[in-house]
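Presented sequentially are two complexes of subunit A, the first with subunit B as partner and the second with subunit C.
This part shows the complex of A and B:
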């Protein structure tokens, strides 16, 4: 802006626009009196009241005022800046006034609406608030917003389902992507799994097309056995170095970063005989055994849910284990030949277990009708083959079963039909796993019968939660993004910005931000990819002119500001003084309040402005 | 417009004692939580006393002790700081630093003889509109019960608050309190984490020192004073006053004068500082 300097140097000419907001303000504050009072304040050359300042005639009133009275500061006293500041700022700009020369005074939410029974006092307060606004406005300076170019390339950390999906989405948009995977193979946690719930397909077959696509995409450079070694810079301009085992570190420049480092399964040492008795395994270990087909001969299988989660060791619910246990319960019943170690004789076993006969015809008929309704069919439905409960017993000990969503409840019903038993326990009576001679046993309290019971089992499968990667802390420090209390990455806003970090340019998806199944991880990954693509497609970001400013005359180069900045937005320059990286600074002002030399202040929120505004509150109305 | 006026029964100003003393309270509210909470409070029409005048800041961490102590110096009866709940800060760790700074402010106010409860720090989230009205009502009542700030009528208290303000601006206190949170949580360059209680004790000692030194400078500004005289006004043993003066002379902040007899007096150097 050419006249930037002259604007600041000119004597302030302030215009004050006081809004009635219909009767929202006008009903409880004497608005015309307030506007008259505003005229008496220093440097105020024009003041008026509008019925609705945010309506078109109110806005044109502002534009006209700026032209007619050569206003170089505008104050609107109306509602809250949190909703209406952008509108009035844009109006100022359209009349040629820098948007940072605008001051908002809130006399609705903070005055008329909260002092509805005291018109006189509310009017006095409104005058005080405007006096404060004028004190601030007199010290305003025009600001220029910094434009920062964005390198149209991204790095995705983690080559699981989430990482691959994000990488592929961005690559298909045409951005070069570095996909960094710690292991020697793509696929992540899913590589452990046997099959996936809702689908019947094996896990490997399900994700193979995704892996193939990633490998075939020319825009994706996959770095296996690699980690992110260092990250310097800020949105649009990250200098990263990727360390690969047995190779030299590679340096690349990227504009955005997507974190998809996944999670691990919790190892329940010391719980329910884990690592103490044979045949006590975790859910994932069981999947691996199934996949390798190296299961022992089983007749009686027990699952215990919520092992180590929901307050036992970890505070949270792992969200996916109910569905995984139900799926495995069904698998066991459906593949009982394998489970009984009778694989070879499979053909002969089936006849011997006439499961259908176990229920009366009447009950069977009722079940068939219900299944039919669930599928939206009328009349007779196809019979579901029931499990041979005489041969195989599956019991799922649970606190609650969470089969949320469209298909999962049906799967749960299917498991019940296949005679998978669901036995509830409470935290007052946890099941106990112990050995009686050579026999693995479970003792539990039957909540319905109110009885202690015991049951011999061949295998106990413990459903443990997904837990954060142990090295998530290192990555969080490298990227300067926060972790939550349980060590998962913490998004910018729990509801509205679920895949952003508060730091611009860094995004998160998949199980590294909390337990999720593949569907959810893929959804998040697509979301993160599209969020990351915004600055890359645009080519630049505009930083709000609300940043720290260092006065080199005062700076002693002590580096305290660099320690407290949550965004790494300060660095030392060649002269040894602190320097603000404008694009990375979010304007919180921590460094300003910390700097031992008082060398840092914030643009648009300078010490002088804040003090003038606050001190004006203490003055008496004249 | 008229309808709305009729709908709400107005409390006559006399009932509120207009013309009588009303506490002046300044609020600093963070944009993301407390200011938004105050907005919601308004939208929900929760009523509270009219005494508070709020200033919007981006984060409570922006509030340096100087901003607050300056207001007390100017005669504020109460100051309310509003931030996000801990761990919910829009700027990750901002409010943890605020907590540390508020601790220092309260210590300095106490040293200066101002009731530290005139300063309040509250966490109000964007969804806690009702809480905001409760906090403001409670705090206004509290400040009203304390009466007008003693800064306005007592010159010594005024000098002491000025000294507290000066002390909060010293390199030593700003650096100590600025680094406090990081040293406590992340440790120092040797990866040693400092014990919280021990570090607070250290800061308290430094606060006392810096406050007394600043007070000497305030008292001896334009008026040369002897050690004995200073000790008497400050209620500090003379040997301690002398030790402070040695430090202040090293920093070139105070000069010695032999105005009368053998008793040396000291005068604050108006433009001084470490060489």
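This part shows the complex of A and C:
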């Protein structure tokens, strides 16, 4: 601390290095004149120009300058800090100068490149920018970066496919993991399902090896019937408590948290006769019927897609339901007889419909198709009549078929080859489900023929979207991470940080961040494991040196700063004043701008420094 | 042995994998075939569904990846051989001579003015020229020049030497030779990305024949402020700005006849974005998108389509479409079908959402590494349900489009995921 003060309190001795950047700057700005001008500014004891400041001779020029002229502030006026600030900061450090005493002035992107046709004005602007830099540099203070230790252990919330995959990946890397599952069993949503697309294996068999590996891994402690009850702390240092039904709460210390709490299927109350007519079920209910081999006898089956999604109740597309419906369409055509069972659970309507037991006659089938083709009857309308009586008919009413990528599109084609019918509807003409006597019926508008049509059906399967868990809000408050639209967890950046939260140390994967299929959820999970393993593998996090600082003499303890901080980096201390968690703070400045008492400042972006810079810009003096 | 991993391919998936590994203290050798990392994402103008500027969000990652103390970025290089197994691979890398000393060149560009050659710029999709000595883009990483030996007068005819004279840093070396580097790594990640299909052979779209028919990638460069037209949309035939735009989906995809029955998974979204950007450039732009299914099915995507309709007046027509031309004014005429009735409509410009393919070179690489590719050339995962990106060979993992259609966030997640798998391998192998 003593050093810090002496360095700052010493009279500023500023060195300015103005760069030609070949002709990028030098071609439009009179660089030697600018360097001469810099010498006239207060506290500037040395100024020069380099052809390339970033080349080795330019860098050694900076190092020499620091030694020879006892510089305690360095300014480079050149290109962009995005690419070059780390290089120049490291150069200052190698010559014994605290890297926070370095100031970058961009006279390329901000000046020469945008004023190529106005050389005089560009030269004047370069001078202005450097004058501003000098004004700020005079007031800089050296800063230290704190290192914070990280507990190399993690808690994963949610024991579905995503949670298990994330836990297993980190466990395989050698980190101890607490896996917290609300239910009495691992497996999550997939436990409901019959089979999974792209494979014919049952869903249970597919995930059993994963469950077995999780159970067998010595680094994983599984907490069933449990929830995360409290979380205190910040990256590397979370004190968590896990509550288990019928047991005492357990306290653990972890360094990172992975959220993988999954999603639920939307219950379409009031839509398409759900809970009103028998044999109107959701996609997942249908899977359960198939899985338990309790399908009723069926002859005509209809799927309705986008029930409650894409603007009907929820705004979003649920991504997976088209492909799940296609898979089930194929299952019905190929494997219906193996899924038949007693009918008590699924209603009674279908009693009177005879199912002919004749095995498919492949030759007849082929002839029938050829006849159809010869008559040019590829469309769906005629096909209903043409369908073989011995075959079950499947129609999928859809808005757009979301068979993205390779496997889904090929499966979609396979379904069409198997005569699963796809009928498009628009939101102007939603299909209607109703009863005609004892017969379940669908009325729809044929978009190609522009005709209203009806068809009798024995079962209607409603493809409803995945929806956020009802307790996602609670967890989001506990962890201080945001929920986005429609209650799914919101990642740090949609494109480039898909499994990070903005808050360091907390990660997200699987359907709790939005609809995804099992493969995507598993990929996100191992991605989250990779991200969470970074601080754990390093063993420490380097805190930002440029953070907010609370002046307790001014703080009223109102808590406004805690609400606006996007990183959960502020808390109340024992005295009731705001306190900055340095390891979590990113120095964004939201708290400083919001504090009604003006009690929060940002290191090296103090009001005094910014005002000096602004004054220099406006008043042409430092 | 040091813990180390090789990443092949320096697009966003490879960059993410490299950063995730390097941040864990693992040495990464990133091998990139072209002179700069950045990949396809660097060519895009903006990204859906946020309309973030693509290079603006990618460039910091490129810079981080290059300057990270644990990365060794080897550009203009290819993997030519591999032996060994998980935990102990020996990889041979051919580092092509770039005839420019990477340690001396600062990318200042003084040589560019003096180079007499004109070559179609790959980065600009052939819409602009580059020189024989070049950087593929302004934000290239590393920021150094490369001489393309096919077009350099000095290297082909022994005459010229202008760039050497112009270079104040003496970075040019015409004597430079290809080098073979041998690198030992514990695991390998393949992230070689995609190529854009050339629609010239599908004559129904008139690409190459009608001047005002463009591919989506060409259009991305046109609307980019740093692109060949500085962000001005203009027609090839008369340099006029179009006002009525048509976007045609599934060009070469979902089409078994041309050998790509699959859906490329990103075109519905990028065409919507491109239509929105046209409107952002000029209020009077009217765009129509001809589509089979509007596959807007990831987080925030459907809402994005709704926004395009509501706020950007984008019109969606559910139909296949082909292109003819009005010979008088070179206006493309789109022929489509509504309710079984054929219609035709004249537009000022047509943009084709051409399908994306795994790179041909990826198949050669697959042979070298012993990986399996599917019938389309996408590299196959051994467990397609729970282990996307894990191959039949322990220690070799996949990420990004080379392993099947994926958008940017998926490629990023897969990059991180492959990094996790590679770390697991290093730990298990006791490296």
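Keep in mind that, in the parts below, the second predicted complex is superposed on the first by the 554 of 622 C-alpha atoms of A that agree within 3 Å, B and C clash if a C-alpha of one lies under 4 Å from a C-alpha of the other, contacts with A are read in each partner's own complex, and residues count from 1 in each chain.
The rule is simple: contacts are C-beta pairs under 8 Å (C-beta built on N, C-alpha and C of every residue); 3 or more make two chains touch, one makes a residue touch a chain.
Note that this is a predicted model, so its numbers are computed, not measured.
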item	value
Contacts of A:32 with subunit B and subunit C, given as first, second, both or neither	neither
Contacts of A:42 with subunit B and subunit C, given as first, second, both or neither	neither
Partner chain in contact with A:473 - subunit B first, subunit C second, else both or neither	neither
Contacts of A:128 with subunit B and subunit C, given as first, second, both or neither	first
Touching partner for A:82 - first (subunit B), second (subunit C), both, neither	both
Partner chain in contact with A:559 - subunit B first, subunit C second, else both or neither	neither
Contacts of A:607 with subunit B and subunit C, given as first, second, both or neither	first
Touched partner set for A:278, first subunit B, second subunit C, both or neither	neither
Contacts of A:21 with subunit B and subunit C, given as first, second, both or neither	second
Residues of subunit A that lie at the interface with subunit B and also at the interface with subunit C	22-23, 82, 485
Complex interface listing, subunit C residues touching subunit A	12, 16, 20, 23-25, 47, 49-50, 52, 57-61, 63, 67, 104, 106, 108-110, 143, 168-169, 254, 261-263, 265, 293-303, 306, 318, 339-340, 374, 376, 378, 384-389, 404-406, 408-410, 412-417, 419-421, 423-424, 427-428
Subunit A residues touching subunit C - in the complex, by the definition given at the top	21-24, 51-52, 54-55, 82-83, 86-87, 161, 165, 169, 172-174, 196, 198-199, 206-207, 210, 310-311, 315-319, 322, 400-410, 413, 424, 447-450, 485, 488, 493-499, 513-515, 518-520, 522-524, 526-531, 533-534, 537-538
Touching residues (chain side subunit A, partner subunit B) in the complex	20, 22-23, 26-28, 80-82, 106, 108-111, 113-122, 124-125, 128-129, 132, 482, 485, 502, 546, 558, 560, 563-564, 566, 586-590, 592-598, 602, 605, 607, 610-611, 613-615, 617-618
Residue ranges of subunit B in contact with subunit A within the complex	1, 3-5, 8-11, 13, 16, 18, 24, 26, 28, 31, 35-36, 38-39, 41-43, 45-48, 50, 53-59, 61-64, 66-67, 70-71, 74-76, 87, 90-94, 97, 101, 133, 169, 171-172, 174-175, 178-179, 181-182
